[in-house]
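Letters A, B, C, D, E and F mark the chains in the order given here, with residues in each chain numbered from 1 onward.
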Amino acid sequence: MMPGGELLYPSPQHQPATPPQQPHSTIITTATSELLEDETWVWSQIKAEARRDAESEPALASYLYSTILSHSSLERSLSFHLGNKLCSSTLLSTLLYDLFLNSFSTDPDLRSATVADLRAVRARDPACVSYSHCLLNYKGFLACQAHRIAHKLWIESRRPLALALHSRIADVFSVDIHPAAKIGKGILFDHATGVVVGETAVIGNNVSILHHVTLGGTGKSGGDRHPKISDGVLIGAGATILGNIKIGEGAKIGAGSVVLIDVPARTTAVGNPARLVGGKEKPSMHEDVPGESMDHTSFISEWSDYII
Amino acid sequence: MMPGGELLYPSPQHQPATPPQQPHSTIITTATSELLEDETWVWSQIKAEARRDAESEPALASYLYSTILSHSSLERSLSFHLGNKLCSSTLLSTLLYDLFLNSFSTDPDLRSATVADLRAVRARDPACVSYSHCLLNYKGFLACQAHRIAHKLWIESRRPLALALHSRIADVFSVDIHPAAKIGKGILFDHATGVVVGETAVIGNNVSILHHVTLGGTGKSGGDRHPKISDGVLIGAGATILGNIKIGEGAKIGAGSVVLIDVPARTTAVGNPARLVGGKEKPSMHEDVPGESMDHTSFISEWSDYII
Amino acid sequence: MMPGGELLYPSPQHQPATPPQQPHSTIITTATSELLEDETWVWSQIKAEARRDAESEPALASYLYSTILSHSSLERSLSFHLGNKLCSSTLLSTLLYDLFLNSFSTDPDLRSATVADLRAVRARDPACVSYSHCLLNYKGFLACQAHRIAHKLWIESRRPLALALHSRIADVFSVDIHPAAKIGKGILFDHATGVVVGETAVIGNNVSILHHVTLGGTGKSGGDRHPKISDGVLIGAGATILGNIKIGEGAKIGAGSVVLIDVPARTTAVGNPARLVGGKEKPSMHEDVPGESMDHTSFISEWSDYII
Amino acid sequence: MMPGGELLYPSPQHQPATPPQQPHSTIITTATSELLEDETWVWSQIKAEARRDAESEPALASYLYSTILSHSSLERSLSFHLGNKLCSSTLLSTLLYDLFLNSFSTDPDLRSATVADLRAVRARDPACVSYSHCLLNYKGFLACQAHRIAHKLWIESRRPLALALHSRIADVFSVDIHPAAKIGKGILFDHATGVVVGETAVIGNNVSILHHVTLGGTGKSGGDRHPKISDGVLIGAGATILGNIKIGEGAKIGAGSVVLIDVPARTTAVGNPARLVGGKEKPSMHEDVPGESMDHTSFISEWSDYII
Amino acid sequence: MMPGGELLYPSPQHQPATPPQQPHSTIITTATSELLEDETWVWSQIKAEARRDAESEPALASYLYSTILSHSSLERSLSFHLGNKLCSSTLLSTLLYDLFLNSFSTDPDLRSATVADLRAVRARDPACVSYSHCLLNYKGFLACQAHRIAHKLWIESRRPLALALHSRIADVFSVDIHPAAKIGKGILFDHATGVVVGETAVIGNNVSILHHVTLGGTGKSGGDRHPKISDGVLIGAGATILGNIKIGEGAKIGAGSVVLIDVPARTTAVGNPARLVGGKEKPSMHEDVPGESMDHTSFISEWSDYII
Amino acid sequence: MMPGGELLYPSPQHQPATPPQQPHSTIITTATSELLEDETWVWSQIKAEARRDAESEPALASYLYSTILSHSSLERSLSFHLGNKLCSSTLLSTLLYDLFLNSFSTDPDLRSATVADLRAVRARDPACVSYSHCLLNYKGFLACQAHRIAHKLWIESRRPLALALHSRIADVFSVDIHPAAKIGKGILFDHATGVVVGETAVIGNNVSILHHVTLGGTGKSGGDRHPKISDGVLIGAGATILGNIKIGEGAKIGAGSVVLIDVPARTTAVGNPARLVGGKEKPSMHEDVPGESMDHTSFISEWSDYII
């Protein structure tokens, strides 16, 4: 769990005189009862949105009823939608629906992660117009929810099923997250096509990852060989991060960067190979949590000194 | 047809005494009757190609009849093909077919854009052996045509349907173009996998964009935040262009570049971060229209001075 | 065919006094009878793995029986699996199954390539837990096998069918290999999403290629315009290699590199634009075959001198 | 067209003193403008019913929207529903939808027959709770509408397509009506399973036919060889009527009868072989129109004299 | 519930001196706990049969795992199988699966009826080789189980959904049972094609009904208008029973009969129109329960006196 | 095998002075080489018909290419067509196609039976306009060919698979033939809906059977309990034949008859219960082979003496 923001990002040089009054991520710190309340609230929002859309667009009403409005809970709606998206002629939708519904029903952590992700997408992506938009249409969101089921199967030692599900997610969404990879809550996989996350990778809470991002390994030997992404990190489009390295809390990785070494907290790495903005010895540090603020390009002014 | 480059892109050094009498993209300005003629001609070519292929390859004849030869017009063939490609168990092919056919039938601009794109692919991609090859098999072409329908829905305020269609295009073709993005005519999305085009992006006419190209935003605030790509631009594979910046007419973006600032007309930007070939102050300028000439690598000799 | 290792990688400076006792790639040098034996052995492994998994995971047993355990040979299993993965409403699974089975049955080279690829994936990817895992779930493996059929159709002048198959592979797996491209044996396409291989590209034996790799052309004129990848090469994630250039035997291309000129054998090229590690004049050379050793990052120590 | 009842069923012995004030079948005698009005009225009823049902039963709402509520007219709804019911892996729903919609749109007779059938089912079958119930669920109704399209194709000399459609109707609904058979309006095929109607059969207006009824031929020579069923006839379940014989207006055929000879108007034939109730010489005659009154069993009292 | 045999069939003339030691239908009289035990036992039999068949026939193993062996209970297996059989492009399998599973899970009566039917088919049909054979392949059995769900929906006033399900059963199995019809337990619908059971029909326990049997109404007025079939009745192939008449306990209806009046208990009615064997005044009575003994033709010797 | 005509129908009373010069069924008596020739000829006819139809009806061309014109032999075409007709979500088309093709390829008897049936339908049914019409559209023909595969599986002791196939045939075509039933060659199942043929039934050569015909058993004991239908028999629509009785060579069973006792050769049985035309003692005998002549109703004149 991600504690309050002031503990998360202790930035010695820029330590604010008083701790921030509002923690960065209230979702994650809320208690279970609040989460249930949250789940109910989000589901009621989704239903209301879908009802409004069904009324205004009869051509879509059938779709909205089958995916959302005919279901009694978010977990049923999501299980149905994922089952239909991920099924194939040899892995039937009913089997997947059953598997997903059973997982969501018995594991409140899965459900709270779903809610946190919905909130993250809605809050961070200005192109996301509603919760139902995210639930139905965001392949990164859907791939992440399906991955969580695959991960649950993996840690229950049901590996062949986890890998079969992994394969379907990679085929259908072009998102390739190894079922063993650990992923926190409040995640935004924006656009998501081409994301690759390796077996021993770890992704913290409130992380935002753009499309074509690779969290890759370094060779053919097994063991712990993939990146560890701390809370609040933002990784730009097309960034490639390789090896068992650590991307510190609240760090930012520029689009297209190739990162092969650790990146300290609250710093920005850009370029191929990636360098720290401000220099290796005394890198510039930022106050915000890029994984939430989604500020991709504030480093440009600094960086542009030595470009073009 | 687009005339020679020197008329199209008046580059300061070769500035003609009088401004060009003919706008950049004659395709767009041709009268309706010519477009209809063009449409008829392309469709007759496609039918002839399909007939020849069906005769030489019985195993494919059923496919060619169902997708092309049984249809009475290009718009019917394309609506059928897109409907079958983009349908799902919850968005039936008949619904999509109806939607597409209705859009193409009532909007001649959509049809002329389709014809211009078919011509662009055929002219610019040496691997494209026929118009029917493009119509049936080019995911970039198909994604672009479907996007145009989604865009039409978007500007008609049928946003939930536009977004549902957007989601299907992203799932099926791994091409993620926001329905609000404006795209001109004569477009080649070559290979296309992984292309991401954001909400406020604008793409001009006669542009060629390779796979994995991102026209992305800069953060979580809304508003105008994506690149503007002028006419005749060529964007190499894997290039990432971020923010509300302008890529000038006839500019060229090298493969793998990360572009964060404006690029002047007829110049080439390469690298991560991208620099102008020839230097910031007096960049080299080219005569041709890269979006049509598809010259990806002519800058190498210049660039290679400081590589390897 | 790839001869013994000592012939393959003649590295003048590091020439070993005695030829290596163990050739790099025993798979490729075995005779036909051995290959048949190999095929039988691999198939019996796959069956045993599937049987074990079916017993431990009843929810997956149906899938394992339909894809593997009900079949009498590897070629039937693979033809069935590919047929079901690649079919569409207009290209029926029975047609594809028939086409694939006929090709595999009559062409032992196709079968030996499949076996070599299975061994390559199993040996090089630590995340690959079994041969059946690769056969069922690796989109790169499946795309490559389907490409070999498309290539066979291409050289038999059945081009419309080859291109239709190419299109399905690109849609379903997001792997876009032109049917004319020549690919050797013992290939690992790891993760595979977004791989693009152009019409005149050639890939040797025992090559490993990560996701988002482009072997692209240089413009709109036809002819020989794509890279030639020699035996034993390793190409990191997101690398873009453009033009009719040669990547020498056992060379290594760093992740995210943009390569526009030849790379000598057993050297490493990194960066955008790519430079040789150790410098242009006297690049560092490695002993191993990166395509098999999968050592992505050993150059970092050297490289990191001038980064960050 | 079926004129007023008094002309239709001149029953000498029971001639009423005054002509009936209300004709039997107002639907058939209305003019075209009234039919259009009728169509509009029925469609508005169907929409209202579907809306009410969608509200009360969310699980069915998606179905009701896709089949009825998303459509702008009865002909679109019916074309969509039939296309989805009758399609197969080799006859795609979009092709059938297109064919059906085109037929209904261009042929008002087809549409008025549909409306007359809807009214007939609603009026005569006490188990029919609404028009939408008939439209969606009555296989006899659906088979009859699809037959009318097949018949239209037949008389346009598009016989292979007519026969392919015939085959799908026979497979899907177990209703086997030869496309050449002529069928009037206001028809109720109740339950419908197993109905067989031969090539040269003719069925008048306002006829009701129960399941397992055969209107069969007499051998292998071609020509006019099937029964002619006049207006207002009722044919009970399992009746077999063979040969080019005439069943007179308003006649009634008992369930399970085997009829090999003509049956006079307004008489009842029962048994195997069928005999006229009341005797061959002076059969009992009835006043009502059995095809509309649906009185199956009023003859029992008379008949039962010689049974059991 | 059907009490002991001696009470069920009080046949004054043939009253046995001592009551039968073994009741006719032990299934129905067992208590709830025994039924649960029964359910467990039948399910374990089905699993064992399927396991044996999967081992002996690899081509069928996938089917057997998906339909039976991957499920944890009879109700899950049956819900899955029915969902896949009855789904359509507009009524998805996941929706039906959910509906069926929910019904079976919450209603033990549905489950005990299923078990009683399985036992009935296995005991009475010599062509039924195993319980799994019945569960998977008997369309009469499957239609009956699906009808019970439709009936449950009907009495819960979810009529549109009940009728939609009714329609699917009629399309898929050619078995047309109105959702309002009441059906007991221990039912065998043998072959089943063409069975029609009307809205107000009632079928008791331990009844056997062959194919093409009609329990039909008598006209277009509503109300109670269909036959009432008592316990233990056997109805031969193609029999048509019309109107609100009573077929007494243990009665037998000959194949092809047309029955329009009541049939007393333990008597046999044959012919068109049906007569009682032995004559109206003093019909022959039988000792056995034809619905269980399945003796179709013992009356022939008697009957044949007046035939041929 | 059916020997020459003169031996087949030894009718003592009507023995012709000289044996018939032309045997009734030349198909069956031809040698194997002739059958192969026959197969080739029929297949070439089918291809020519399909080619003609594809040209005249573009909307059907895709269907004709996929089912007929893309195949290299009748057995491939038929296997493809049956595989697509009989597949389900749990029995995939590729599995069935493989099974069917393997059976037809290795068993010339199956193929010669198919050809004989095609000829029979074409010769006897005036509504059959071509061989391809029969191959594609006749559910009786298709059910019979699929039954032959099921029967082959049955006698090879692959009973679960035989029964699964039986179930699919019964669902899809409403034709229920037990896999153990033996069926000769040159069979016409006309219309076919509702046909039921029991486990121990035997059907000879050149038999014609109309729809709704039952060859049923007599109770719940196993053993030989179904009818034996000799060569050349014609069974009218809706006839029910029960028990281990013999229908003699060339006999005719009237529509709707219920037959419970043996019927001598070349006689006609009609009615419920069935009586011999001409009387039990000296029944009328006919010269022709009704199974081929298809004369359903010639007995009417005789019969009508005592009807109506």
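Keep this in mind: contacts are C-beta pairs under 8 Å (C-beta built on N, C-alpha and C of every residue); 3 or more make two chains touch, one makes a residue touch a chain.
If you're wondering where the values come from, they're calculated on a predicted model, not measured in any experiment.
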Chains touching both subunit A and subunit D: B, C, E, F
C-D, E-F or A-D - pair sharing over half of the D-F contact pairs: E-F
Greatest separation from subunit A - chain, by CA centre: F
Rounded Å distance, subunit A centre to subunit F centre (Cα mean): 63
Distance between chain centroids, defined by C-alpha means - subunit C, subunit F (Å): 53
Computed distance of Cα centres, subunit B from subunit A, in Å: 30
Two or more partner chains touched - positions in subunit D: 59, 62-63, 66, 70, 84, 89-90, 92-93, 95, 174, 193-194, 212, 238, 256-257, 272
Contact set on subunit B toward subunit C in their complex: 53, 56-57, 59-60, 62-64, 66-67, 81, 84-85, 87, 93, 123-127, 129, 133, 136-139, 172-174, 191, 193-194, 210-212, 236-238, 254-257, 270-272, 293-297, 300, 303-304, 307-308
Interface residues, subunit B side, partner subunit E - complex: 89-90, 92
Subunit E residues touching subunit C - in the complex, by the definition given at the top: 54, 58-59, 61-66, 69-70
Contact footprint of subunit C on subunit A as seen in their complex: 88-91, 95, 99, 158-161, 163-164, 166-167, 170-171, 174, 176, 178, 193-194, 196, 198-199, 212, 214, 216-223, 225, 238, 240, 242-243, 256-258, 260-261, 269, 272-276, 280
Complex contacts: residues of subunit E adjacent to subunit A: 62, 66, 70, 76, 80, 83-84, 90, 92-95, 97-98
